[in-house]
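In what follows, chain A forms one complex with chain B and a second complex with chain C.
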Partner chain A sequence: MAQSIVPPPARRRVRAPKFALAGPSMIWYVLFFIVPIAFIVVYSFGAKDSSQRIPVDLSSPTFGNYSKAFSATFFTTFKQTIRIAVLATLLTVVIGFPVAYFLAFKVQEKWRAILLALVIVPSFTSFLIRTLAWRIPLSKNGTLSGWLQDWGILSGPIDILETRTAVQIAIVYNYLGFMILPLFVALDRIEGVLREASKDLGANRLATFMRVTLPLAGPGIAAGVLLTFIPMCGDYVTATVLGGAKGNMIGALIDSQFKGAQNWPLGSAIAVLMIGAVLLVLAVGAILVFGTQWILRRRRRVDISSVGARP
Partner chain B sequence: MTAATIAATGAPASTAERPGPRLRRKPDLLRIVLAIWCGLIMVILFVPIGLVILHSFNRGGSFSIWSGHTSTKWWGTLFDGHETLSALVLLVVITAVGSVLPMIVKAVTGWRNTFVSRWAAPIAFLIGVVVVGSTTDWYRSVFREKGIGDALRNSFIAAIGATAVAVILGGLAGVALARNAGWWTKPFMIVVFLILVTPEIMDAIALAGWFQRIPFRLFTDDFLGFAPGMLSLWVGESLYASAVVTLIVRARLAGIDASLEEAAADLGAPPGRAFRQITLPLISSALVAGGLLSFTICLDNTIIAEQVSNAGSSTFPVFLISQLKSTVKPTVGSAAVVLFAITVGALGFVGYVLRRSGDSSSQIAATLAGG
Partner chain C sequence: MTSRDEQLKILVPHSFRSTLSRRALLQLGAGSAGLTALLAACGSDDKASPSSSSPATSGSTPAGDSILGSFSQVVNKSSGTLAMYTWGDYNDPALVGDLADTDLGITMKVDYYTSNEDLITKLSTANGSSGFDIVVPTGPYVPQMIEKGLLQKFDKSKLPNIVNVDPFYLGQAWDTTNDYSVCKDWGSTGWMWDTTQIDGDIATWTDFMAACTGPASGNCSVLDTGANILGMYCWGNGIDWNTTDPAELDAAEKYLVDEFASNIKAFDSYPSTKIAEGAYALSMAWNGDARQAFVRIADAGGNPDDWKWALGSPETELWMDNYCIPDGAPNPDAAHAWINWLLTPQISIQDLQYHGYNSGMKDMPALIAELAPDLARGDMIFFSDEQVKTMKTQAITEAQDRIADIYNKVKAKAGG
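Take a look at the complex of A and B:
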């Protein structure tokens, strides 16, 4: 049929390349994402020079900023940031997974829409305001503090504002929605047939969960971890609002080097190290997960060639 | 092969048998426990927001300490009620009259036009905006308190500009990804993914340094009458937002096969016309959803705004950060409630648009979770 329609032979136009429509985005991303970040890497080898408009002297490249970034004060903050972020990621998975599981498998469609909206709305509400709101229940002279003392749960006022605990609580709260959503999406995409099959083959609920549902939810967990852990490591709002001096995080440190101290090279070096640390933690996590999976798979391997041979 | 056959044969049988025994089964304990857990988490998710709303009516002078009494005095501090109300009423009246006008004309004279009746309401709304804007000066006087009012205004200007950039860039890129995939798709998607996951502080410092380098003081002076720093905000906030729009548009088009566009091309439509008449209507819901989502994301962008805005263009989050050193006033709570209402409205509209274009709630969640 296509053969019968002869295309008009006249004026063969110059075809734009396939990526033409993505061209503006490409230029935009190169100009305002790739090149600026490349400059940060370059700055990290420079020296502070406040006399210039861009306070970086690149005439003699050095690794000095990196060794400075590893000094005691910065390194403590580094460790604290990674600790807060890893713990918060684990907590969001543990808290969020049952919610996502409930939404995906245990709830009717009409309720599901409402419950999903209840997860989405707080997650897309201003991050800063949600964080600031935590100052209300956590404050020393606040209402909650008073209640807890009246009921005899606490002997003194709540005293966790401006500490790591406050940052930890708020960061789990802030990112919970961004963990629940990808988890839900992954669980929701698991075909019911597979779980039914597992049940019909005699697996109990736990076995079905461990050997069918959880492995299939793997990509969702990975997506959730990427979408929460990385931003958490660079999070600067939560630590600034609730952390004070004791709950400092690396994002706030980078900010202070750029805005306050005007030491761009050191700030750049810390930022580059932060990215390195994030990738390192993710790599370790991935090795742990894939390693366990590999061992489990080896132990559980079933030879299906004989089963398949039967008609 | 065996697993597949078992799944294929086993599943229908089991679902067919299921209704019988399920009626007699004892209540699902796991389900109850999960429901309680889920309810608890939902409550916790909303507690801080509830507290913000409550504390915006705090009578005392501090946002974080409850005085024990409610009062609307801080709302009065933020808003010039009289001016705002009259402007709002005028806008609603013009929109309503404009929307109803075609129907009246049709009833009286019998004349009707699909284009007019479809676009009457939006056009009336736009006319309303222009009339209200030119007659009442509400734009300058709606906020009584200067610092926070300017910050809110800047937030909106920054978010609208960034959204416009994001929708154009993301829309085009999304179409290209879905329809003209090639060798470039993979590297491009890697960059999009990197933009989505890079800690914002990294983008922020990188852009803050970069804008200083751009010649003609393009990013450091005022731009087309906008305050210095506004162009930086548009660019900075558009990065993440355009990545989001790209993914949404791509996901939408990937679900529709290209036969319509091909048909248009076979019938002789030049590429531009096929794009305008076929592709654009197909992705319009994705553009609206992506745009509103971008708007809410840009509206509360804190980290990039903190680094790239200037004194005259500081947005609401930047203003709020600067207030943290002293006592935060309940006015901040009132402004936060306004922003919250806008976010809920925008998200509700996103849900409505996506649902109307045939998405289930699961698909909407997938869209919001980044494809």
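Take a look at the complex of A and C:
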């Protein structure tokens, strides 16, 4: 009986390894992210040599740039950058969450696509143009300023450009979409039955939100924070266009070393420090969030070991 | 200040008189004070005068004839696209647009930078493939650009109109034979202020600093270059602008960071637009940009008479920007044709009327009288001998890193 069975011919299929799917993006990142950053890291150990086209002398590597970069100037500017970025991230969550919640749970199906498109519409215009466009209505001698004074809404002219407030408002506006979309995706994936179950088990609306919806939206919030906070820390355009002297951010400091001082090694060292510092801030943030969750879980833990033992 | 007010309205004759006297001195060949001062100010004590023997520069025009007869007016046609990398708002839009197309057959594309270092960084990193055909560096930066091989030599047979440039502005210290560069224009630094917001006169850099830290605190802008902010302090305090003395630089840092920085509203190299928006009450500015500010204030519905301009005093800056062709330029033929075109008197004066800087043509007073008799605010373009004597040229020294360091500290403090 066994002989009668002819084993099927082995099907020879060439199978590419599964990670090949990630190949194109990996090549892209290696070429355009890893390699340039590696150069920055290498340059940060060099010395300035203005006589060369790339003004870096790597013959005697040194840590000197880091001790120079580790200065009061860096910390003052970094502190401001982080303050703007942290506040802006919180604001995008606070402003973006209700919108995402509305889109995921409240709005009729037929309107959803249109409303989502509206969130993306601002990105159709270039970042720079959107930021520059702010200067027109907000200018001190501008038409809007004149109207608001004529109507008695303002007692003096609008005086917001070239301030930190202008950068703060504009940066929230520029990155809001990057917060709303991941939040929407996370909220949209929450099964309605979970929220219904919460209600059936006696939770009121607030408890349902705090203990079911919000924790399930966690990954969306995390993605949104990463997508907004990190680019905000490196934002150069908003601060340069609207900030004046008061909106100075770390991007401008690095830029001034590369372009103004032609001191690429010091600029590189500041850039590396900044990458490290942003990662550190994110790590601290993550520890805070996970720590809070852990404490909450412990406090809310329901001991069910005694339930089954009930006589 | 009354004399300055008077100048603002009838500037042209005043400035002409002063320019004329300088010309007269030059043609007499006298080693007069004015001549020596100008030569020294241009940093060109050792300059050769390559064109001085050329008949075209003799400046002897038969009475009654048009002055233009003594100028070379060759216009070479070219073709293709010409990409220029230059300072903001630095040419009459027609000359980098339609007119270049009609007169030369060239399509222009213009990009802008805000500092010489910016330009050098861009050209260095592109390694000859930046795609630009013309760049406009300031004099002291030309030698390092030549040294790094960022510039190519002119084909002088394609620049016959170079004889139109006043020999004063040729053969500068940074390129004594004009093999790589030719004067685009030169200018200086001062400030303008809103008299409705700030009482009293601002006549010197000391006054400027006092106003910035006093009535204009939080409402003043300074040029976005470390050299000019250091300059403000040095010029006001009688210190050599090009000092490398650590003690002097430390003192400058102490004042600029501890006392001055927190009053700055913005670091702005082209304040004219924002002045018109009403953003500042007092702005450090280059003379041409300040001159445009008066136009822009009027365009925006403001009253230009509320504003006053003053040239930096007791000392201030003299810079000269130069047309150069970068190494690896894709269309050097068009670059030569365009630069040569800009060196014809009509085009040069048309451009001058727009950007407001002295373009260095020979026989300037006569040219202005013939081609631009209605030129407004000429005193902001042409300076007297006495003014030129007070102007200093920047040197690139080993203190560059220290100046950048001070500048970053000022910026960090201003933001904090």
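Here is the rule we use: the second predicted complex is superposed on the first by the 263 of 311 C-alpha atoms of A that agree within 3 Å, B and C clash if a C-alpha of one lies under 4 Å from a C-alpha of the other, contacts with A are read in each partner's own complex, and residues count from 1 in each chain.
One rule holds in what follows: a contact is a pair of C-beta atoms (placed from the backbone, for glycine too) under 8 Å apart; a residue touches a chain by one contact, two chains touch by 3 or more.
If you're wondering where the values come from, they're calculated on a predicted model, not measured in any experiment.
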Partner chain in contact with A:141 - chain B first, chain C second, else both or neither: both
Which of chain B and chain C A:54 touches, first, second, both or neither: both
Which superposed partner A:258 touches (first chain B, second chain C, both, neither): both
Chain B versus chain C as contact partner of A:162, first or second or both or neither: second
Partner chain in contact with A:73 - chain B first, chain C second, else both or neither: second
Greater residue coverage of chain A in the superposed arrangement, chain B or chain C: B
Which of chain B and chain C A:245 touches, first, second, both or neither: second
Which of chain B and chain C A:119 touches, first, second, both or neither: first
Partner chain in contact with A:130 - chain B first, chain C second, else both or neither: first
Where chain A meets both chain C and chain B, residue numbers: 53-54, 135, 139, 141-142, 258-259
Interfacial residue positions of chain B with respect to chain A in the complex: 1-3, 6-7, 10-11, 14-15, 28, 30-31, 34-35, 37-38, 41-42, 44-49, 51-52, 55, 63-66, 165, 168-170, 172-173, 175-177, 180-182, 184, 188, 191-192, 194-210, 212-213, 235-236, 238-239, 242, 246, 266, 293, 296-297, 299-300, 302-303, 306-307, 317, 320-321, 324, 328, 332, 336, 339-340, 343-344, 347, 351, 360-362, 364-366, 368-370
In the complex with chain B, residue positions of chain A that touch it: 5, 18-26, 28-29, 32-37, 39-40, 43, 53-54, 95-96, 98-99, 101-103, 106-107, 109, 112-113, 115-130, 132-137, 139, 141-143, 173, 176-178, 181-182, 184-185, 188, 192-194, 196-197, 199-201, 205, 223, 226-227, 230-231, 233-237, 240-241, 251, 254-255, 258-259, 264, 267-268, 271, 274-275, 278, 304, 307-308
In the complex with chain A, residue positions of chain C that touch it: 115, 117-118, 120-121, 124-125, 127, 144, 147-150, 221, 225-226, 261, 264-268, 274, 276-279, 300-302, 400-401, 404-405, 407-409, 411-416
Touch list for chain A against partner chain C, complex: 48, 50-55, 72-73, 76-77, 79-80, 135, 139-142, 157, 161-162, 164, 243-249, 252-253, 256-263
